[in-house]
Amino acid sequence: MYIQSETQIEVRYYETDQMGIVHHSNYIRYFECGRHQFLLDVGLPIMELEKHGIMMPVVSVSARYHTPARMGDILRVVSRVEKEPMARIEVLTDIYNQNGDLVCDGMVVLGFIHSDTRRPTRIPAELLEVFRKADRERQAVLQEIQ
Amino acid sequence: MYIQSETQIEVRYYETDQMGIVHHSNYIRYFECGRHQFLLDVGLPIMELEKHGIMMPVVSVSARYHTPARMGDILRVVSRVEKEPMARIEVLTDIYNQNGDLVCDGMVVLGFIHSDTRRPTRIPAELLEVFRKADRERQAVLQEIQ
Amino acid sequence: MYIQSETQIEVRYYETDQMGIVHHSNYIRYFECGRHQFLLDVGLPIMELEKHGIMMPVVSVSARYHTPARMGDILRVVSRVEKEPMARIEVLTDIYNQNGDLVCDGMVVLGFIHSDTRRPTRIPAELLEVFRKADRERQAVLQEIQ
Amino acid sequence: MYIQSETQIEVRYYETDQMGIVHHSNYIRYFECGRHQFLLDVGLPIMELEKHGIMMPVVSVSARYHTPARMGDILRVVSRVEKEPMARIEVLTDIYNQNGDLVCDGMVVLGFIHSDTRRPTRIPAELLEVFRKADRERQAVLQEIQ
């Protein structure tokens, strides 16, 4: 499985700190923006999930900081899933600035829980199928190009 | 009616901006912290309100900025209600730093709505009574002192 | 004087609170985003100001909340200046959602200070001229249209 | 080396999200609060560092989420350094709620850079000595207890 999605984020003034650079906690938020766009592109908007009785709490987060971003920078947030989700889904994200420099990369792992019982579950079959479909479509596009 | 309450807030690093001072939007959040402490002191914790089927959305906000606050400053947040709540409640807040300088003051107006219908309502009688009781207790304390 | 500028903001998930709506403090931040776009459009990017030795601290803020915004909403942030800046500048902002509903409106007053001494000053003549030029250009465009 | 420090953080309303729990990005900010208290306790307040011409940018962050925290929770933030800092310093943090449940744990790696050149450096000898002194003092206390 390899599904990728991209979105843009403009750095806002209040996201910068005393050093004039984006506070490191905000990239975790940018990851989330990228992830929501990813889910939207796949066909699973976060609001839809709730209708399936599913929530996706964050299990863990990691991030490495490379080039600082500054107010007004237009960041390219590239999110991808490389492993079929099971009990969990791993979303990898790379963030680049307008010069193409890698600003930050990281991984967020999310679980699946039933929204009523709040108990963990494997990804429901119909949701997994959405991911698989997105993966097949991407492969089809790739083959057409070649 | 005159009910007053006080709490302390320590300025956190990420709340400051490039100028090294607390970003002005954060005082609106400090107002909220003060307001929650106020409601707690009155005997109406925000979570209790929900049990009464009531929510208190913010209707308007105003703030004036006097002395900038910086990381590590210990702020004294003084909230008070001077008018009996009806369709709305007005909470006035003054924020001082550890030197006694007025940092920021402002007013937040909140409405009362039914949490199920989301329609406006006057403050329910039993909640109003909680405010009146807090007011009477304060007056009693004042008279004892004199 | 009447200068107006517009920008778009997409509501991010972490900007919403337990009620599922944008936390009221975030509109103060959206005002700032709108204001920065306004200054950019006028020809005075916030970073430029610093080169003139000028900073613009926020003196006061007021906001009224009308329709709640939710995650994914695309907000139209319209900022305008209707009075020639002197010791202060008043920026009015209206925020609309994608349905054209007024979400929030407000006013932010900023002062001018020397960045080295941090003392108040009137707007420097060369900066005022930038505002006047923007105003003249807008009037010229209006006359052309008529 | 083993130096530990502790601080308390009360969860604020606006730090919670639609699910009613603290947004995961905020723990990264709590880590920072804990870290600043740690540095203060060691004898190296973040503002002091700047006087030494040193800044400590965040190089990487990781966090695992265990029990969700909610508004009003009083969190115990325990930070520790177990390895002598060299080119980098690793700060481990555990966050517990008032019931003693582990809410979140993680590690933040910071580098040392010269604040003028912004180039990386090893920790200056006089700063390293501050850490060593804190470590010796802790060992002395431990031996007294035994």
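A, B, C and D label the chains in the order they appear, each numbered from 1.
The rule we apply is simple: a residue touches a chain if its C-beta (ideal position, glycine included) is under 8 Å from a C-beta of that chain, and two chains touch if they have at least 3 such contacts.
Computed from a predicted model, the values in this text were never measured in an experiment.
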item: Most remote chain, CA-based centroid, reference being subunit B; value: A
item: Chain pair with the higher count of C-beta pairs in contact (B-D, C-D); value: B-D
item: Distance between chain centroids, defined by C-alpha means - subunit C, subunit D (Å); value: 37
item: Subunit B and subunit D: spacing of chain centres that average the CA atoms, whole Å; value: 31
item: Subunit B residues counted as touching two or more neighbouring chains; value: 13-14, 25, 29, 32, 71
item: Residue ranges of subunit B touching subunit D (in the complex, touch as defined); value: 12-14, 29, 32-33, 36, 45-47, 71-72
item: List of subunit A residues in touch with subunit D within their complex; value: 19, 24-26, 28-29, 32, 55, 57-65, 68
item: Subunit A-touching residues of subunit B, taken from the complex the two chains share; value: 13-14, 16-18, 20, 23, 25, 71
